[in-house]
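Chain nomenclature is as follows: A, B, C and D, assigned in order of appearance, with residue numbering initiated at 1 for each chain independently.
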């Protein structure tokens, strides 16, 4: 059994990590922390009666791996010492994601405390970095929007089929993505029947998208990203618009995507044919509800042949495949387990 | 492995049965049917890419147990022949629930085709009928509102503490309870920001509540039940109001509930203390979101000592503990498995 | 033109008062206050570009009438001096609602600062106190749940048809009723797909219901009230269960209600016949969405003749007929205007 | 008083037209039709008790103006005869919107029955075509997405500041936009906690956007439009991404927008400054909830100076400024009334 600790289990991301690690057949959750002194079900009622407990961060003991679900800036202060002790680290936050220090320090508005850890950290998308993850001591788990956009765009970039300077991504996020801290933008009377754009240019996750897609492209990629809160509780829809550099058919692109993700269990390409007789054309496109609570990413797409635009839809759960579940997928790889262990549950329907 | 078939997997109840039976370690789902000819993910996108398939009802083969998730009136025509073949039956619908034939025929507006099956059927609440279920060939799985109300009220009735003629139950249901068929009451522009009372007196589930609580009471019980759709996708909240026949303290009643459900894994009593300093008094009461997608029922309660009224809150998922999950719990008992097998997953938070 | 001031226009109640008073043909809103220094549209984006402004409470000037939309405890400190200046007062809060001082001081956990104002204040339900309101200097505008329950039950109490000690009211409230201050119970990830019971016994509004219904009954009335937040943004549904003291038909009771509210423009009784062929029986019952944003209260009812229970549904908007709109109706009466002035707008559909 | 008839008042668009025309001080709604034989409140409960009635289309009488809220294909069969009788026509549907016959016939999959009416029809955006509307006999009221996108982009196109071949518009629509007919995409268990892309390329409204923006540009414009249903009941958010052809500052663009819409009562430009200290940057962007139920369009914008992308947010109500309210604005112009008559009501907050 792999001994795991979760630093910061009172928030949504940490609570989700605890939920799935607790059901993981090869993991023993040794501790999960909160500074509050409140019991676990005070934060997460799904654990009521489970017998699980939170401990103070002062009470933690050595483990094989730690999930960080704590505010940006704290993991970077703890990482080196923990690595020295032989602990593997999976940071669900942003401390180790960006490889460009200038960008990181400007975007996160502080100096970085342990850049060498960033240099060794692997960006935790297994579908792109599987072999490196297997060898890694530190994983920088991706941002939720970043996961959706990168998985949605990687095959296109790889195939060198689009204008890489004019990629537009509209990210729609459920309110879970905003976290457990109360705020006016997530106050139900405000958002319950509303749509709230925020951080509409230069969003932090943009840099992750550009970094990872640029690596695939081997040249700089520009992502034009805008984020909006929508009144769903959980999930991300990334709508990615691209301009092909050559004439393409939907079937050609589907083949490229299916080839790229062949053998991947957690990324599913929607190749449902369009039905020209249907009054509403919605079947070939993925629904975010179907992957909520899971490690799945569903991808669908279409092309406007007349206007020469490609649109890709990528859906995942911001604390699932876009967060804690992906972290567990990375853990499985780091410890030589079957990558799917503890992650195969399907979504709920209805959700 | 137990071979199981699901009759009617295109609806929400049958789809949920398929989801959890497919993940059940001791069950092999041999077939799941739909008359439509459409693929499984046409109805349930959570199965996209799973490889699972639907078959026509004409193609079914012998299995150890069948889950019925088909319209009222059909199971009763099939049951006798299937029982003769040695198949165990779990009806997720209403054909075998009521032991009073006059009531059943009036309420369901048709003649019953196989009353002897009703007579042998066990009403599928394991917390009340565990030993009979172990021996049963046919389970009448309870209605969703009935499950919530019966589990919420049984300890009180057993303890003979309330006026059994003045039990009032307000049942609030998510729209999943209305089923997959589209209707004006579940059309999003109508219900999305609305509350829709329906079948407000003499609801069919009332008869189940009165039957089961009456058995516990050993005298007739009258339940005054009203149902309302609320804009959540999934879940039931039963608010049960009772008039105690003696002076009671909250702590006394909690002790009775905790005693009644001692050792039960799937029914959790909320004994969180009230905090008189909290501006909103909500902590001691259960939240339906916490049990959505699970086999759990959470129960909380309070008493107005001045006005001498007791209020009990019982929450569950209409296709979880109030439906397919309870059906699997019954299956486990019928086949001598550990009752919890395949049912221990916790709810999502946030949901 | 009547000169009106609004004390506390940054919250939802005060903002709604400002919206409708601003469109009122006989009212000049001289000022509306906020302590924050922020502009009006910071709180209420519907006013963006309207040119309306907030002022500091220190800047207020004499007006004919003031609406209080400020925290409990403040109006009682200001009322006497304002009345002495000849200002008429409409308190949208709770300072002057309860005529029993012991109850008020216990329930609101403080001493009352000006009980003589309470003694002269009229409880602001025009359908019950129209003539007194015309003469009043101070209106205690009712609580939102209270308005719904009292309007829903008054005809029955007046007709002396039910057991007045066993009245049960389940109040379902949209999150607007919780106010503009952020809180975990109204945090979208928690409430967006959930139902949250709170203050489930001895809710403050219970005392208003018992006071007003007791006055009609001329003997003490006991209301068993429980409140639950539901994920709609706006509106109240009061589900009132009563036990008739004699045999009644639905048509008889409808006649009593229609008689009681004859000539009332803002209370509508649903007398739509039941359709026994309809699969879902929902037509005869009111929908809260239909009255959101308005001064209307819709009432519907049904009777279970077998079990001898009556259920009454009363819907209104917690800051509409259950708040600021009712306050304007009272203002109209106090100043001799046509009662309907500025209040006739219908609800939105869809809402 | 202008005598007005509404053809098709059982749907959402026709019902909204009836609501606001009924409150319009210069209009007498002589009739509103439905083929169903059902009463008005069967479709729209907000009218319960209003006394208003529906009539059969066979019973209509001559009026000064008719609003068409009937299926595509019917207005074009009726228009010529009605015009000959001197009736002015406002088509809330699509029969007269596109000036390119080939496009119309391909997109709407039928032959056009009266192209001469199209030729004289004015596209009903007063902010663009005010003088022509004043003289018009027929108005082609715009599509809801089209209104939002055209109003959001017109100032940029006019100022010749962007690449007109690479305009991307993500349209997010509440479910009211899908109409009153029930469907799986608007079934609450499916959409209630979900996002549903549909008609993602070559949406019919694209042609309106290209036509109107092309007229402003005086050269062909290409709009890359994708539509998604979101679980709000009412409203449209158009997120418009453009690539500036020169270096621009946010303040410059705001000046252009404020200049373009100077004096317009119903289009409001958000010029709220960004607050670099705010944790969530959301204040300068409009919220669709604020304009629901109204004739207002709110527009906000931002620029990514590094990546040289401009994003414009345009919000309106699909049956308000994007439908029936705009139709009334057109009516006012056609009949020489003050353009604002009957349209000044603000949105609700909370909505």
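Here, a contact is a pair of C-beta atoms (placed from the backbone, for glycine too) under 8 Å apart; a residue touches a chain by one contact, two chains touch by 3 or more.
Computed from a predicted structure; not experimentally measured.
Chemist: Please state whether A-D or C-D has more C-beta contact pairs across its interface.
Modeler: Between the chain pairs A-D and C-D, A-D carries more contacts.
Chemist: Using only Cα atoms to place each chain's centre, name the chain farthest from chain D.
Modeler: B
Chemist: I'd like the Å distance between the centres of chain C and chain D, where a centre is the mean of that chain's Cα atoms.
Modeler: Measuring from centre to centre gives 35 Å for this pair.
Chemist: Calculate how many whole Å lie between the centre of chain A and the centre of chain C, each centre taken as the average of the chain's C-alpha atoms.
Modeler: So the centroids are 45 Å from each other.
Chemist: At least two partner chains per residue is the criterion; list those residues in chain B.
Modeler: As it turns out, chain B has residues touching two or more other chains at 12, 175-176, 178, 183, 189, 192-193, 231-234, 287, 289, 292, 350-351.
Chemist: Which residues of chain C touch chain B in the complex?
Modeler: Of all residues in chain C, those touching chain B are 166, 168, 170, 172, 178, 183, 185, 189-190, 192-202, 222-224, 226, 228, 230-235, 237, 239, 241, 243, 279-282, 285, 287-289, 292, 300, 302-304, 306-307, 309, 311, 313, 315, 350-351.
Chemist: Over in the complex, which chain B residues touch chain A? Could you list them?
Modeler: These residues of chain B touch chain A: 12, 15-16, 19, 22-23, 42, 44-50, 175-176, 192-193, 233-234, 268, 270, 283, 286-287, 289-293, 298, 344-351.
Chemist: Applying the document's contact rule, which stretches of chain D touch chain B when the two form their complex?
Modeler: It comes out as residues 12, 174-176, 178, 180, 182-184, 186-189, 191-193, 231-234.
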